[in-house]
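I have a structure I would like to understand better, so I am pasting it below and will then ask my questions one at a time.
Going in written order, the chains are labelled A, B and C, and every chain counts its residues from 1.
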């Protein structure tokens, strides 16, 4: 019988809770809500926690400037706990329970894929700040990270043209981003006249720690007299043992340089950078960029986080750009109505942190500079090459069989994420609408 | 660095100067087109040329491209400060401030000296590192290599010769090498010089010399030798030369595949030693005491964090940090282990499944505690100098010191533990309690005390393993999880309660994994090993070396 | 007679089942019939959440059946759950047809990216619902049969069994992470469109799935109850308490354990199949050993050895997880970890046992 009592009590508590929530939502009418969907626990917390803090900082700064449309911004932070189904669940919570106007979040591709159906169903807005494999375009998602043509291809061009690399090792962790990127690069290199036997492709599991064999093989592959480079899409935790092994086996950046797409300032802060000096990374932003905007951003960040040693990195800049674009688009639309803001987004221009002005394109990707930097022993990058102009992001790669005829254009009259330029039709699920 | 070391670059500089003086008229024609601007500047009237000091000060500013040009100009200068400046620039130890003209300083450890005047600096000059990139570094290394041919360090000389081979040997370098060969003591460098000369002779017009060179190269494992031979085997007009080169390549390949086998063997043993280290603490707690400690991985993690802590607390003692960390990690994790045993596990003896769940809970708490205390980011643990680099046995076989030391360390820990178990009173008591608790108590063994100590011992060993792993992988909150399943598999595969079994099983798993990897890929190799293990355990549930007799009964 | 055996003698179970049935009726009504402004309106989010809990409860039931009654601790039940989920996921993927981003009539998007020419053989037939459902039951069932047959026959028990089941799910996770396996690698299967012709984005479809989960839970409960109250059930309990003695009494201990294990695996697979369309994604992360251990904690917290305890445990731990990861993400692992320790040390019979103890005190 006690059980029944307890059930009653639990029920009462539940009602009280929901009433409290209700009260909150009444009070919240005054504000514009921004959802922050980054893992704060689990394996991805290592990267995503920083982005949550970045968002809180940006929102605080905006509020200091007087908010948006005369209202204050309010951050709604939820924790999807590095669990992919939870990403979908939390998105639904953000949109249905909290009625947020925009969501800034996700890191891994799988988390974005998990969120995608929900955000489309409930017609929300997601700003995705991480470099990714492309091959996707949604009306409700804005990709502020780099597409492959804004990171991978310029990096390979640099190696090919500036360093005279003729032999290529494409090493990656076995998941969709490296797979797609390497497939694009393989096609790109072959189109540039690189022979099949001059490309070595290797995949390893997440968190791979025993690199002896692979590094020895890379060494052998690079010992034929032709200049060899490694294009690394190795993810997160596997990088430290990889670079350590490279250093120990005596592979220096001068012999076989490694250019990485997933190693940034934050990752470097947890590594002994000694063996990495001279290896490279391609990003759209480096903390070492010497511009007034960047200096101000770093200063604000250090004040906000209360730690002078914390670094800034590329996805943080992507959130900075994405957030400012959203603010501008809301101001332009004069409302937070999702459809109007989505339409207003295209064409919005905001300054980025590297001295240029990024623009939101009709395919919901942005223009970004591509920088190639060499790792220095203080964990920062020395920019050795940067594109003269900003590179527009390309949703569908021209080097993949399935997507070479596809484009994305969310403005009238096409208004389609995967429009086939040959057949002049919109393919896939959007064909029905 | 002691003062002796500082003198040596100057010595080498003198050698270079002599060499430059001898060769400078020839250099213009002999070098690659890259050096053309160099030639122009050398030819230009000296009045227009900036002074050495000005050039060095130019290094501080400007773009990377301008800096490269400055380096080129500098390299034609004959100043004895040059070697130190170049060496510092390569190492990233050349600093400058934003004054006009800038102060240029060389950093050696904590000490700062003015690169031009040689006076000591106070460190208040707001100095920043002069950035260098790969291109510049390669250029500088080329310069430094020439300086290094008479370096006292064998590796440096060897690298210098290799760079000569790579950059192409011409008449002048050849004569320089011939001259050096006579005074060279190291066999390795001798061989490299012979190879370099033979590679040079391959380009000769005389067929006999070329054939002799091919014969010479067929004994060489240098990759450049192989490339040169391959070039002849594929493209040369002379059929006999082609045949000779092909034969030489085949004989080289035979030797290479032998060394590759040796290398694989070492890789396998090295992976095995990592598994051994990760599992050996578990072999005590699980194997001897029968406690399923799912928090074992986290104890390893605590050991790794201890290494980091030691390096943070004593930043001046990086070289010694590992030696300090081993006992520190042992003590800390042993204490944590004893706390776990006293706090949780002792209530659960005889209920292995409950122990499993409770310790798993503890592992989550420990992980999150580390995240909260030290942030979820990985910690940077640096490697002391003596553990970095590789032991170069020959051009195709080199063994990295980190792996070698870890292999030795793993075996040392193993035998030390064997000794403790077999030769000490504690070991005797541990074995007594694990075989028959009641009887042990009856003869006066304080079994609960022994339990705590045994668990502490197993945990301490896990911490020591963490020190070793901190040299290989990330030090972060997830470190432990990466090893826990593997450790259990090693112990179960080897046979619970048998330390030798753990050794054999760790080494054989390491070897199997490594020999599978080239064929199946890293991912599939791991899956295959796991499936093999599952099947094996189902065939022989008590592992490779099952315990016999009374202790074997549950 | 059967009602007496299954329900009436089991007051706690009746209460829990009653609540589940009540939920299955009220939740869809409040979700579908009421306007969202109504105070009694239940949002889609809550429906999804509760639906997920129902699947977890069914999963917990399957773990409790073998652990609580036969004493077999499996730390790899997530493997069967996930395999079931993949079966359903493959069906849902085939339903996408040419609506994928590349508009390919037959291949999945990830196959197009990998440049595959044709559908792998093991994807054949999954466009038919009945076939997919058959596979949802058969594949995990056969895996459990093969695995159990090998393990029980060689008398792998206790912690050894726990460790190799963990290795099993770990091996499956690594294998499914491989893109060449043809299950979408790390991304898994997602972006589902419809099930049996019903649009998955529709409220009514989701409510339907919710009701289906509730019904499955009730049926699963009754089936488990039927087993544990049968003669075979008593043999199983005696195996748990004294395996050798039961064997000496002439019972075929191995076959009892084996069939129970297979049934439990299939139950877990059904839970997985119901889980996938409700959360919209299945990927190898679900194989992670941590997930499998968490399931055991649901059961331990609820009270092992009572079937309804498993349901109570699944609901309460998962509710706590949702609550804490929302309001205090930092503390969640402390709480979960603490729960493991506390439950094993202080509450060997879980929440249900706690109530029992109170009641007995009250009776005195």
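One rule holds in what follows: a residue touches a chain if its C-beta (ideal position, glycine included) is under 8 Å from a C-beta of that chain, and two chains touch if they have at least 3 such contacts.
Predicted model only: the values in this text are computed from it and were never measured.
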{"item": "Chain occupying the most central position, where position means C-alpha average", "value": "A"}
{"item": "Greatest separation from chain C - chain, by CA centre", "value": "B"}
{"item": "A-C or B-C, whichever has more C-beta pairs in contact", "value": "A-C"}
{"item": "Separation of chain A from chain C, taking each centre as the mean of its C-alpha atoms, in whole Å", "value": "33"}
{"item": "Centre-to-centre distance between chain C and chain B (centres being mean Cα positions), rounded to whole Å", "value": "46"}
{"item": "Residues of chain C touching at least two other chains", "value": "174, 177-178, 330, 333"}
{"item": "Residues of chain A touching at least two other chains", "value": "41, 174, 203, 205"}
{"item": "Where chain B touches two or more other chains, by residue", "value": "368, 371, 523, 526"}
{"item": "Chain A partner contacts - residues on chain B that touch it in the complex", "value": "64, 92, 129, 131-135, 137-138, 141, 223-224, 226-227, 230, 263-264, 267, 270-271, 274, 368, 371, 376-383, 388-390, 392, 398, 400-403, 471-476, 478, 482, 513-514, 517-518, 521-523, 526"}
{"item": "Chain B residues within the chain C interface of the complex", "value": "292, 344, 347-348, 352-358, 360-369, 371-372, 481, 485, 488-489, 492, 523-524, 526-527, 530-531, 533-535, 537-541, 554"}
{"item": "Chain C residues touching chain A - in the complex, by the definition given at the top", "value": "12, 15, 19, 39, 43-45, 48-49, 52, 96, 98-104, 109-110, 112-115, 174, 177-179, 185-188, 190-193, 200-201, 279-281, 283, 285, 325-326, 329-330, 332-333, 355, 358-359, 362"}
{"item": "Complex contacts: residues of chain A adjacent to chain C", "value": "1-4, 7, 22, 40-41, 78-79, 81, 83-86, 88-89, 92-93, 96-97, 108-110, 113-114, 116-118, 121, 135-136, 174-176, 179-180, 183, 203, 205-206, 400-403, 406, 417-418, 420, 427-429, 431-432"}
{"item": "Chain A - residues contacting chain B, complex", "value": "41, 43, 45-46, 49, 162-163, 174, 202-205, 207-210, 212-214, 216-217, 223-225, 237, 240-241, 244-245, 247-250, 253-254, 257, 266, 269-275, 277-278, 280, 374, 376-378, 382, 384"}
